[in-house]
Structure formats: structure tokens, C-alpha cells
């Protein structure tokens, strides 16, 4: 064993320092299975001090590292650096303090998102950010990627619900960012840190904001015979001045997958399903529901269902929340994209995606947060058929290009990670990227933290060679 | 060294030139927060009012993009025409506050209670850093996870991490109808107890203010047909009918608070805190005019005496403050928030300290 | 998930494993559902990690010994199957993999002897009874024994119940509403003959004629789930014969057995008996499901109200999707207040012979389950499986709170007959 590893042995007991091939293999990728990288070792700290020791070890030996929660990132965020260290935070999974009066929870990074709401429930409180991975994903991971979810339009993303965080910086120093107050008297340092994808440090303690649970929900499921009608319905809801808690659309393929997975009882022949959820004080929600009913009626839905109970409401959501993973039933592999387009361009984007899908001969299931224009096209492919992965990636690239062209973003919530770093130049100028790199290097001159992620450059590890990217071929971007 | 002549750029390129040409700069928008925009120690004043105008606004997108020197009042009027508003309710509209200055100071108002403050609504930012480089962060859509969140960093950055030139905001539909209830309590403890009960309840308020010694001012908003029922429920929740304001008088009441004139002519200071700090703070603030906003998360007060006293007082309480109007060596008073992360990021954006 | 498995080289078993691995999208939804991940907190001991390890071994890029310790720790509880949105048939994968890898595996002589002992005694009631008696005799020796032998001794009850021979046919009381066959099970005949007795009485009382076919034996689940394929086939063939008659249903009152019988089509895939296996499996029902479908004769109230905690056996809930029927039965007994056990989806740690092969983990899970049960304030625990029964009873006793534990049909028996 090399001397660096023996030193690590002195810092972590055998059960929490993994080096054998059978131990390392499962950590080689996260939910983005197109990428794999073999780490040198995995450590499983159980305290802030152990995290500091691990980072300092990396600095001493100049070994890059990646922090990992439950490994559910869809953009390769917890993909190891080949030959680097994986710092798994999932054992630091305690709820340290729940203060219902002050409406906050203090948790360790490995604490599961859904568990926050579960712990807060007895007090009539909940934790708002609800990514579909919430039964599995950790708060630390949510923070690194500023995770979103279906209820973002009204109440924001993770960054809007984190009050403070204790961070181990890439040089091993510890800082506390933020405070219990919703207000700041200086720059929002914590705001910069959230969503920095692990490049600026590792959180070891997080203070989260809890909100009172809405008094009433009004959840509507509307079925359409055309995807554009659903998109237009969303525009109409917005134009009416209503601010729903959530608006989600699923297309026919996604519906098929979700039904197979959870039997939510969705209308099977629908070409599109729209879920609109109002939430708030009961009299307000009742009044809003009347406006919503009118809008939906005029939108041409052929079937409309209103949840009459909490159970029915959860059933409507169950299918939507399982949709991504459920497409595993329709196809051996899939790529999920995460583009954003201005809401008014939603219909156009969907129509173009449909054309692209036909042109590439690959099915695309669509699930999206219609309320904020955040699309999740799921490109279905079979990796065992020669060339299909490459076609899928090319299609994915065209969809992202489309989003940028329509004035949107290459990622609404999954982050850049490994997967989309090549597209950063389509959103940001070289000066913009340099500025971000400068900030990164100020904190991590050796580029140890999540090396190779987010910024273009460096070839991703262990990818089957797929030739130049379509954007490269077109001369739009260059991989350095 | 005497101050040099103020500059008044009208384009981003001119801002960049100014940064490269002058060793020390201080930006000013509407001058509504003089403690933050008055040049000191040889700083050259950079009047940002020349960079104004709404660049993009699509009500159906809930996004407005405007140059940093645009007066808030102009943006608010435009939004109002389409039934929308700035949910973070920034102060000093009539005093010519600009978007850029508001973001740089990080100021929100009472209505931040409903949906959030400046940081929760800023989507994108274009700035010129301390080396004169033009940088964009974020985007123009309500959801975006690409790159570092520079827009949030700029909130409260006091012009020291970069000079803001263009900003994109998320906006919301304005409430169709509102009403305000003022409830007086015999003692602070009871007012706070009710404040906590309200904050933890499903009652959705557009404002939850505490006016010392023990008065709560609450604002309800939403569809007009639902308001009477909600008001009645609120009154029964409080256990008393309170004093009701409605209609034009209600709107005027809140507009009247926007210039913070009700706090008098002393040094104006913002303090960030939480409600549990209020009892201790109330014991030491004496007669200083003040108002706690957003369930006790935001305090605006006016200080008659020497700011050094307030500085010491806030330090003793473990709180930080921002001087908006008044003379102080540094606008940030109270506990020292400096830390290594801040130092390094600031050095990356302004290595020579031109904007410091 | 993409893989490079050459399933042709591996035969029909290879197809089963490759298909399961393909379905996995590595999303991680299985992690919170996995008891070993909850306890051990490392990726290798999660379903997602295990699928990945099996893939690596089958592709030839990982030595089987490297993956073995983590695959051994899998309970086979199928909690992950319930949680998986992609429909990965993990049970098929782990069972087939164990059958595939067992012959190639190196085991110490002691391990082989231990496994042989289990396989040769548990499925055969008379042998098991003899061994159990010996075990009780040997209890005083426990402190002197090596750890792996302690566990079986600790799980033996204080007293072995009297053996109760089973009649060949039990006639229906009153008009006959159905005719069924009963799988009598193996270990439970020795440890809790009362389960079968209660089953026969409740069925007969409800107008059901019950046949207990001679020539039946252990369902083979134990052998199948621990990689002893040849043994499993032999036991299963005997049952295909014994249950070949004309019955409305083939009933089981042990979760593990019901799920075991339903796996016969998988076990016999590609074999001449495949059609027969499918026909048999189609008729298999847990006794609780059968009773709910049949409709219970009115149940008299219990002498006094009782707070009852129902424990879902993994092989009822996860493997067979049976959750509501036992609860419906319990709720139809007036006086029963049904309580839900926190973390009810999580295995108690019994998992077949897991509590003998992985005693430390099993004990951790058993204690966790027992504590959750105690937290409900229940006065009685009810479950539908002999393994869970033994595990829960043992761990409640160890915590000093020996609540009574009954099989679902035993509580019905009490209500009907006092």
C-alpha cells in the first residue's frame, strides 16, 4: 500500500476506509451511468473533524476528491475523479436540532431530504424543496446542486431555504456561512456557495428553514389529446394571475412508464397530462380553484380530475415523482436532460423536440416543471445497439442547443456536473467562465475539489469514444 | 486627498474604462443610501444613473430585465400596469433608489414576508469587476442552475465585489386586494408570542411587522372574494378585532412607510436578526425609532447618538448592522463578519481593491 | 444500465440476470428501503451496489470473492423491489446469482458443514425436531460454543411444543364453499404446530375443505435462496407431484413458503416441468388472501379490547404484495385496535436463515424491530410467518418485554373458538 494510503489508514478505521476492488466498484458512478471512474479509495467520515482530516490529507498529497451523498446526481456530480478520493457523507446523517418555534432544522449533510419534512410534520411544518429524488437524496447533495423540484416557482429552490452552513473549504479551513436570519448585512456568501457543485467546499452542518404546511391543497389532473394544448393551458393559468404551488406536464410515454411503475390510475390514452396544484389558506384556495376550473375548462382538456382527499392527491403525485426512474421499464437506458425555456416558448420547444425525436429515431419521454419552463426530456436508447448512445447524446445536445436558442438555460436544476460542462460556453462567454474559474481557484488553487466538473476542458473518464460533439463539429464550441 | 470629479457612464464599456482608469471608485445610484454611496478617501464617484432603462419585460414570463441605474419607481410602475410587482418590496422608491443600489445594499421591505427578499428574486446579473472585466452570471429564466450563483453573491455586496450594470428579476402577480390589521398588546412578550404563533401557522401574510413597544401590523392579500373570510379567521386567531385599514387608506399607509421617514432623521441602520433576539434588543435600544419587519428577521432603526455606541451595542448582542445613512468609518457595524471565504472571493473579483 | 455480460455463455440463468441488471437505472431509490444500507451505510451493502457488483462479476471484471461478502449480507427481503420505480426483479437476480455462483465458491469445511446441517435438517420436520431437542439439551453449552453456533441455539424456544400430526383431510363445517390444499411447511411444524392447527380450524369453520397432501415437503425456498439449486429442484419436484390435484387454491400460512411456491416458474425455467410449475404457482395463495376473498363467517368479539401491532413479513408484503388482506382480517375481529409499526417496511432480520448466517446484522435489525413494536404500546404482535415470529419473540424477550406473538390465523382462531 502506498504511504499516502497508509496515512489515511491512520485517520479512518477499516470499516470506514474502503480500498478493495469490491468496495470501490459501487462508488464508480452515480445516477448518470454513462460515466464511470475508479476512485483510489472511499472514506466514510462520521464527524466534521474527520471531514477536515480527509480534506487535509488530499491537500497534503495533492489528491483530488469528490464528496458524495446518496449518489443520485443526474449530471455526474458525485462521479469520482479517477484515482481520487471519494468522501461519502451518508453516515453523517443525524438531525442535530429541530426548533419548531424558530422554524428551523439543523442537520448533518447525509440527512435525507424527505426526512426533514417527516421530522417537521408533527409541528405543522415542512421543508419545501422537493426534488423527485427526495426519499433518497441528501441535504448535502441538495445544497451542492441547489436542487429544485416541482414546487419551485412559488417558493424557490434549495438556496432559498438554507439559512446557514458550516463548510470545510478545499484547503481544510472551516467557515460558517450565513446565519439564522433571513436577512444579511453584507454579501450573500452562502448564496454563492449553494449550487457550487462541490467545487468550493464540503458542508458538514446545515441550518434549514421550515415553512408552515399549507392549510389546503387543490390538486387538479387534466388530460389532453395534444401536448401543445397542455402547454397552452399553463400559459393561460399564468396569464390569469394565479400562482400555483406546482404545475407539471407529462407526455404519453412518461404516462405509460409511470402507470407501469406505480399504477397511479392516470387516464391511459392521454397524450399529455397537466397537474396543477394550488395551495394556501382554505378560503383563498377555494376562490382560486374557481378561476382555475374556468381556465382548465377553456383549455380543451378532455378529462379533469380533482383530488378529493390527501390520498388522492398523493396518488396523483406518485406517478409524476416516479416518472424518471420508471422509464427504465420502457428502455434499457436513458439520458435525462434538464433544459429551461421561457414559458411562452414551451409549446414551440415541445414541438421541436418531437421533430428531433422523429429525425433521430429515438423515443423521447417528456416530464417537466411547466410552471418554470424546466424541461426534462428523457431520451430512451439501448446502449447495446451500436451507435445508439452516440445518437442519443447528439439528440441531447440538439435539445440543449434549442433551449439556449429560445432564450433559456442548459440546466434548470440538475446542475452542470460532468454531463453538461461542454455546453457551458453556449451560455457563458469566456470572460464569464474565467471569472468563475478565478473564484474557484482562489479557494482551491490545486483544483482538488471535484476536479474536472462544471468547467469545460479535460475529457470525461472512461467514456466510450464517441467522436466530436455536434456542437464541436459545427465549430460552436471547442474542447480546448 | 480631495475627491475627484464624478463620472457618469452611459454604457457598460464606459464603466469598464472608468474602473481601469481610476484606482478607487464608489458607485452611486439614486443616493438614497448615502452611507453606502458617498465617496471617501479619494474614491472617484461613479454615477450609475446613466445606465437606465428596462431591457426586457414579458409579464407572462414573470421576468423583468433592466439596467442597474433604472429607478425602482419606474420598474414598479411598469409592473403595476400588468398587475405585477416586486415581491421583495424595496424601500426608497420616491427617493430615487435604483435597482442596482437596492441589490448592492440588499434592501427589502415589509412585504418580503410573503415570498422572500431581494436574494430570492434575483435571477441574473451583469457586472464589471475590480479589473474592469465584464461578467454575466445567472440568466433570464426563473430556473437556472448553470454556473456559480453570482446574482445571489451580488445581493448586499455594497458595490465592492463588482459594479452592477444589468439585472434580471423574477416578479410575481400583485395581490388583487389587501387589508391591514393593527393589533396592540399590553406587553412585548404577548406581542411576540402572537408573532410566533402567526409565523408558524398556515395564515399567509404579506406583512408581519412589530412596532415597539408591542403592536403588530399584519397585511393580508389575495382574491377579494376570499379576503373577508380570511380577515375574520385572522381576527379570531388573534382573539381581538384589531384596527382595520382598507381601500386607498390602506395602500397609502404602506406607501407612507416606504421612505422609512417614520423613523425620523437620525442615522438609518438595517439590522439582520431573528425574533428571539428582540427581547434583549428592546431592553437596550431605548427611544430609537424602529420597526421590526418580516416576523422579526429585519430591523430598520434610526440612531440619534454616536454610531460607535450602536456598534458596541450590536456587538454585545451578537448582531450585525448596515448603516444606510449616517457617518461611520465603515457601513458594516456590529459583529465582524469577515472570514476566509469572503476574503478569497473578494480578492478574486477585485484583486486590487478598487471597489473596496 | 449498460452491461457487457455475455449471457449466452451463461445459459438461461444468464438471461435472467442480464435482464434484471439492464432494468436498473442506478437511481438509488432502493437505498432507503434496504435494511443493510440503513445499518451499514455503505454503497456495497445496498441493492444498487449489489446489482453493480453482480454485473461486474458477470462481466468478468471483478473477482467473485470480492463481491461475495456484500452479496452474502443481502437479506433477500425484497424491500428494494417495492421501492424500485424501474421494476428491477432483484429477487430473481440475487436468487439466480447465488445458484450460479455457489458451485464455484470456496467455503471453509466448517461453513460447508454448517450449511449442510441446515439444509439437511430444517426442511425435514422429524430431523429438525430431533436436532432441536439436542439443541435444547446443549443450551447450557452455549458460552463454550463458537459464535456461529450460538445463534441457532438462541433462537430455539424454551420448550418445544408437542408435535401435532396433521390429518389428511379436514372436512368443511356446514355447506362446502371451497376445497383447498395446504402446504404444511417445515420448520413451523416443529416450532409452532399451532399455526397449522389454527389454519385448519379457521378454514373448516368457514366452510372450506382442506386437504393436506401426503408426499409434500419443504417448498425449497431455503435451498433456492441460498444457492442450493439442485436441492431446490428436488424438493420442488416432490411438491409438483403432491399438489397436482384439483383444488380451488393451494394455501400457505408462511410468507416464505408462499413466495417460494410462486417462484417455481422461475426455478423451472427451461425445464420440462415449466408448464406444471406455472400451473401450480397460479393457484398459490396466502391463507389471509384466500379468507378475504372467500369472505369470513362473522367473527365474535374478543373477550376484551386488544391493541394489536401487525408486522408485515417481507415475503408477504414485498415478495407477494400482500399487505391489506391480513389487516382486513384483523380489523374484522371486533375489539381489535390495529397499530402500525414504525419502519414497517423494514425487515425484522429473520430472512430465512439469515439470522443464523449473519447473526450480528440480524440481531441489530431484530432489536430495531422489537423497539419499534414496543413503541406502539401494543399488547399483542401478529404476523404471518414463522421466521418473523421467532425473531420478534426472541428480541422482545431479550429486551425484557416478552409480548405475546401470534400468527394472524391464531388470533382468528381465538376469536372464533376462545
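Residue numbering begins at 1 within each chain, and the chains themselves are lettered A, B and C in the order written.
FYI, a contact is a pair of C-beta atoms (placed from the backbone, for glycine too) under 8 Å apart; a residue touches a chain by one contact, two chains touch by 3 or more.
As the structure is a prediction and not an experimental result, all values here were calculated from the model.
K.L.:
Taking mean CA positions as centres, which chain lies farthest from chain A?
P.N.:
Measuring from the centre of chain A, the most distant chain centre belongs to C.
K.L.:
Taking each chain's centre as the mean of its C-alpha atoms, which one lies nearest the mean of all protein C-alpha atoms here?
P.N.:
Ranked by how close its C-alpha centre lies to the overall one, first comes A.
K.L.:
With centres defined as the mean C-alpha position, give me the chain B-chain C separation in Å.
P.N.:
Taking the mean C-alpha position of each chain, the two centres sit 62 Å apart.
K.L.:
I'd like the Å distance between the centres of chain A and chain B, where a centre is the mean of that chain's Cα atoms.
P.N.:
So the centroids are 30 Å from each other.
K.L.:
So what's the Cα centroid distance for chain A and chain C, whole Å?
P.N.:
38
K.L.:
Taking the complex as given, what residues does chain A use to touch chain C?
P.N.:
Listed in rising order, the residues of chain A that touch chain C are 18, 20-23, 25-31, 33-34, 42, 44, 70-72, 88, 90-91, 93, 112, 133, 135-137, 260-262, 322, 324-329, 332-334, 383-384, 389.
K.L.:
In the complex of these two chains, what residues of chain B are touching chain A?
P.N.:
58, 60-63, 83, 106, 108, 112, 115-117, 119-120, 129, 133-137, 139-150, 152-158, 160-161, 172-173, 176, 196, 199-204, 222-223, 225-226, 229-230, 233, 270-276, 294, 297-298, 320-322, 332, 334, 337, 339-342, 344-345, 347-349
K.L.:
In the complex formed with chain B, which residues of chain A make contact?
P.N.:
Contact set of chain A toward chain B: 100-103, 123-125, 145-146, 148, 152-157, 159-160, 167, 169, 173, 175-177, 179-189, 191-196, 200-201, 212-215, 235, 238-239, 241-243, 280-281, 283-284, 286-288, 291, 338, 340-344, 369, 372-374, 407-416, 420, 424, 427-429, 431-436, 438-443, 454.
K.L.:
Write out the stretch or stretches of chain C touching chain A in their complex.
P.N.:
Chain C residues touching chain A: 1-2, 22-29, 31-32, 41-44, 46, 48-50, 52-53, 56, 62-63, 65-70, 83-88.
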